[in-house]
Amino acid sequence: MSLTYLEAIREAQAHALRDDPRVFIYGQDVGAFGGAFKATKNLAQEYPGRVLDSPISEDAMVGLAVGAAIEGMRPIIEMQFADFSTVGFNQIVNQAATLFWRTNVPCPITVRLPFGGTSGSGPFHSQCIEAIYAHYPGLIVLTPATVEDAYAMLLEAVALDDPVIFCEHKFLYYHLKADELPSEALPVGKARISREGRDLTVVTYSAMVHEALEAARELSGEGWEIEVVDLRSVKPLDTDTVVASVARTGKLLCVGESWPWGGVTAEIISRVTGEGFGLLDAPPQRLNAKDTPVPYHPNLWAAHRPTARSVASAARNLLRS
Amino acid sequence: MLQTVLDASPRTDAAAAQDVHVAAYRFMLLARLLDDKFAALYRAGKIHGGVFLGRGQEALSVSVGISLKKGDVFAPLIRDAAGRLAFGETVLDAVRTYLGSSLGPMRGRDGNVHRGKPQEGYLPMVSHLGAMISVVNGVLFARRYKKISGTVGAACVGEGATSTGAFHEALNQAGVEKLPLILIVANNQYAYSTPTHFQFACDSLADKAAGYGVEVQTVDGTDLGACLKVVGEAVARARRGGGPQLVVAELLRLCGHGEHDPNDYIDPKLWESPLGRDCLKVAEEYLLRQKWMAPSRVAILRNEIIREIEEAVAQVQREPAPDPFVEQWHSIATGHLNEGNEER
Amino acid sequence: MLQTVLDASPRTDAAAAQDVHVAAYRFMLLARLLDDKFAALYRAGKIHGGVFLGRGQEALSVSVGISLKKGDVFAPLIRDAAGRLAFGETVLDAVRTYLGSSLGPMRGRDGNVHRGKPQEGYLPMVSHLGAMISVVNGVLFARRYKKISGTVGAACVGEGATSTGAFHEALNQAGVEKLPLILIVANNQYAYSTPTHFQFACDSLADKAAGYGVEVQTVDGTDLGACLKVVGEAVARARRGGGPQLVVAELLRLCGHGEHDPNDYIDPKLWESPLGRDCLKVAEEYLLRQKWMAPSRVAILRNEIIREIEEAVAQVQREPAPDPFVEQWHSIATGHLNEGNEER
Amino acid sequence: MSLTYLEAIREAQAHALRDDPRVFIYGQDVGAFGGAFKATKNLAQEYPGRVLDSPISEDAMVGLAVGAAIEGMRPIIEMQFADFSTVGFNQIVNQAATLFWRTNVPCPITVRLPFGGTSGSGPFHSQCIEAIYAHYPGLIVLTPATVEDAYAMLLEAVALDDPVIFCEHKFLYYHLKADELPSEALPVGKARISREGRDLTVVTYSAMVHEALEAARELSGEGWEIEVVDLRSVKPLDTDTVVASVARTGKLLCVGESWPWGGVTAEIISRVTGEGFGLLDAPPQRLNAKDTPVPYHPNLWAAHRPTARSVASAARNLLRS
């Protein structure tokens, strides 16, 4: 058996539906059609009445999920693209994220955001907006980079008593494959050392993990050993694992596919310099997407986001500094 | 939640009407006097932030609270003191929230009208207008999913909130899902200072119902009897499976938007019009005319209520304020995943 | 923007009708063949991202484009190739956008249906459904502010977009401000895979008009003559100061949501129903029956159009792709305040 | 003559209306009533037809502004509270912010956000969400801390050819006074040294500038000289001024009233450590609000946000390190 990142997401939802009667799925075209990306393929058929098409009403979709959560359910909301969650933004950050703090009543909803760039998708079907959600108190923001994590973290997201923004990267949907589903997994909140190395730490998440790993392989040919940390969860952030890695390598490069102002890479650098300043023997560096909307044309798109090549180049500069 | 009481006592229709009216009147008076007390505390500098009153809206509001049963869902608006009390909120919880007591349902974290107990179907509002309606939908949706039948949910909004996208998406959603939602629009002619002609261009807000495929009734919001009937019937229709119900009440806000607001922009003609009647007075006169209550009883009731309120305020003023050193500063339920409160 | 031509030539009514129909038919055919070409290029892997066709919606679409004049405002939906061309878009601009040419209006930054020229009143859509309507309002608002009269704005949406908060806020805003907005709803029975009963609960989307205080007409979207008449009249009413106009057209999407979509979820009964008629065929048959066009002329026209399209594609394929090293990577107009594109 | 921060905002709008016929103001209650905070007091009367009440429709308010900007106008949109801009979020970040990049047509709109905490305002009338807007490409985000800047920067915001998110702090509205309006001002994008010092640099903005200045005065009594940098504009950020200050002091404390994850303070630290690592002789530190919604009760509120006292305490720790 071999399955893709996308299939893992489908399987996780199937298992959640099977094991927990409180779980239902609500979103545009998720029902009979199985979702724009087929992440809910056959689930409406297999679990009648539990996988439901919504009107094109992101605000009301999230509002309904919060109400259902108050009533003890564990809704999964599929946004058709992460980009469209901006019209459900208020219900996410002000309703769902504040409920527990205000009332002591938990709000176990999972909002699935198919996110991130793919060639030709343009400015409104490519955005990486994990930092927007992570900035608000009250949300957990997950960014799985592997098939196994996509599966295990989605299951854990549904089981958690809090609103989870589940950022699933569209670029990984079809390409990434695994032989089997994991039976054990790192818990949410723990980062993973995806590759060990002694010369430099690259901290990243989601699709960029694979660019970083490719860069690491390339640099390995040049005699450098790069450690790659996959954050897995951008809120909470596993600062300890990152700092421990920097303690070993002395050098830090943070890579993100999102825009350069603020965001995950800035947060990592602030934490590491605040807590592990003495461990650094070179200025910590960031590599982000460019500060423009995500372009449509493949030529522009490839230059807009970090790639293995630009990661390797930034790493080389840092290694030589 | 008087219904529960009434259902149990088989009486004549007239006697039942009397009971409901008297009970409703009591909640209206309680709400009015409680509001007055909040206004006084505000002027005395004892309340931080805003104070928002329901003056002139008690008849409509109480009709919602009284028509709901235990187990129903209620998302009030900022002027719904009467409805909240009728739905079962205690004076103590209201006072505790306004004064920020750590023993109140909001523990000083949120204040004034932003209060509720979600586990009791009483939803605490966020400020964003229209945003609570789809949350009520969600509770009702979950009830149906769990095969719990017979409960309904009411959400109240002002006419200003009908201009929000959230209102539209939620009412449409209720229509599509045929949820037992009663959506009450209190058209008090102003949204803060904004008159209705800057808010909508339809003749009546009831004209919106057809576009959502929901039933609608309009009602004179200054007339308690009419409100009890129209709201009660809408709740009953929803309970019977009749799908979402829109109720549009016409009335006038007899106070400022909040207690900071001099309210000097109201068209004076409105004060003179039937809309400008004080529903509490109208109800009182009706009760007296019907001889459902003696004038002496009204005076006694008022005194009883004032005592209840004063006692609650006195008690809450002795209660501990929230303590930032005891406060957990956690925003999520999964304890070990909280972060960010070290000074960084 | 044929109106301009027609206005200048005083002819009999019948002759004018012939001219409009023939012109409209030409745009419909051009749109259909251009769409077919995009579909072919997509299947050949020459187009990145999605391809969205207007098959079955050309009659309605062209009626919008043809009823607008130079100086009017147009915010099309994704299926409006016909309307765009009739409004004045060149085949070259459409092809350049789909192929991401650096010479196109979007310079490869955005693609496919996300194209326009704001300075010509042709607004380039963002993807978020419903979001363009209030932008049209804004242009019209500014025109009135500047005392420019006689221009109107049309925004087109699908029935799915009527469920968005943005749709509601914008139509309400247009009603309150009495703007000359013509809002066209193409009810093609599906929003992606979602049938209308998951989208709204009203009998007809026209039922929404009263709630906004706007005029409304419904039309058979498969009938070019009806579309030209109804849309034309709505535009004329708006132009005369009649305020916002809603037009609801019933039709069927005769293709997938996008070219990636097998479209196998459409209720087969709909294909058989009058909604399932191909408006292009219906229009062609009508023209032939009226003897407004000879069969030979249709064949010639088709060939002319195919040549025009092939030439445009050939030309664009030789045009330079955007170059990331030349690209400025600036997102704001105030040059010196751009930041963030150093690698940090 | 003496005028408040709020009056300065009113004056700037009056002057913009007077000098530029393309300017109009649109928002809830801004017309005859003069706005919830009276920031447009009498303007509707003085400029008939140019200061207009909107329905409660933040999405459509911003959309209308974008359309008007395309038509050559310079609209000012007043959000009643910054917190409510979340329902106009999509039009701001996806429509207004992308227009110029997509089409080369500028989008000169100013969105005024009365923001920031005041005692008793609670979780939905106190938020600091400047970082949310700064993360997106295509927006300028201004955060004036003084009466003079409120005036001059608002005038400049209206004159700029780009969408400006103008964050005006409600805490400063009434308390802060100045004797006269400035005739000259630092341009947008330049930070100001609000107080010179040699021992430590505090970088901050908006209301927190005053907390930092008070802390600096307190520490001055203890023999420490704190330099306070007022960013004025959080996007673009004047990295040069900040780095130059750190070059003098060797120590950096970033203070913000917003939530701790990401945001302005993280961005500053990333820039300084990236560009001026060698200048630092202690780990750079941040002080933000706590990671919960903003509480209602004054006791909690005072502990939630940074204050002169907590700034002084963080500064002391850093000075001793």
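Here the chain labels run A, B, C and D in written order, and each chain numbers its own residues starting at 1.
The definition used in the following text is that a contact is a pair of C-beta atoms (placed from the backbone, for glycine too) under 8 Å apart; a residue touches a chain by one contact, two chains touch by 3 or more.
Given the structure is predicted, the values throughout are model-derived calculations rather than measurements.
Walk from chain A over to chain C along touching chains and report the minimum step count.
Tracing touching chains, the least step count from chain A to chain C comes to 1.
Going by C-alpha centroids, which chain is farthest from chain B? Tell me that one.
Of all chains, C has its centre farthest from that of chain B.
I'd like the Å distance between the centres of chain B and chain C, where a centre is the mean of that chain's Cα atoms.
A distance of 45 Å separates the two centres.
On a C-alpha centroid basis, what's the spacing between chain A and chain B, in Å?
Computed value for the inter-centroid distance: 40 Å.
Approximately how many whole Å separate the CA-defined centres of chain B and chain D?
36
How many angstrom between the C-alpha centroids of chain D and chain A?
30
Check each residue of chain B and list the ones that touch at least two other chains.
If we look for residues of chain B contacting two or more partner chains, we find 106, 109-110, 114, 126, 128, 163-166, 169, 172, 176, 198-200, 330-331, 338-340, 344.
Among all residues of chain A, which ones touch two or more of the remaining chains?
Within chain A, the residues that touch at least two other chains are 54-55, 57, 59, 83, 86-87, 90, 94, 97-98, 101-102, 123-124, 137-138, 235, 237, 259, 261, 270, 274-275, 285-286, 290-293.
Which of the residues in chain D come into contact with chain A in the complex?
59, 83, 86-87, 89-90, 93-94, 97-98, 101-102, 123-124, 131-132, 134-138, 235, 237, 258-259, 261-267, 269-270, 273-275, 277-278, 280, 282-286, 290-293
So in the complex, which bits of chain A are touching chain C?
28-29, 31-33, 36, 53-57, 59, 81, 83-84, 86-87, 119-125, 259-261, 285-288, 290-293, 295-300, 302-304, 310, 314
Hey, which residues of chain B end up touching chain C in the complex?
Contact set of chain B toward chain C: 163-169, 172, 175-176, 178, 197-203, 205, 207-214.
For a test of understanding, state which residues of chain C touch chain A in their complex under the given definition.
Interface residues on the chain C side: 47-50, 100, 106, 108-112, 114, 126-129, 160-161, 163-166, 191-194, 198-200, 265, 321-325, 327, 329-331, 338-341, 343-344.
Any idea which chain A residues touch chain B in the complex?
On the chain A side, the touching residues are 24, 49, 54-55, 57-73, 75, 87, 90-91, 94-95, 97-103, 105-107, 137-140, 160-162, 188-189, 235-237, 270-271, 274-275.
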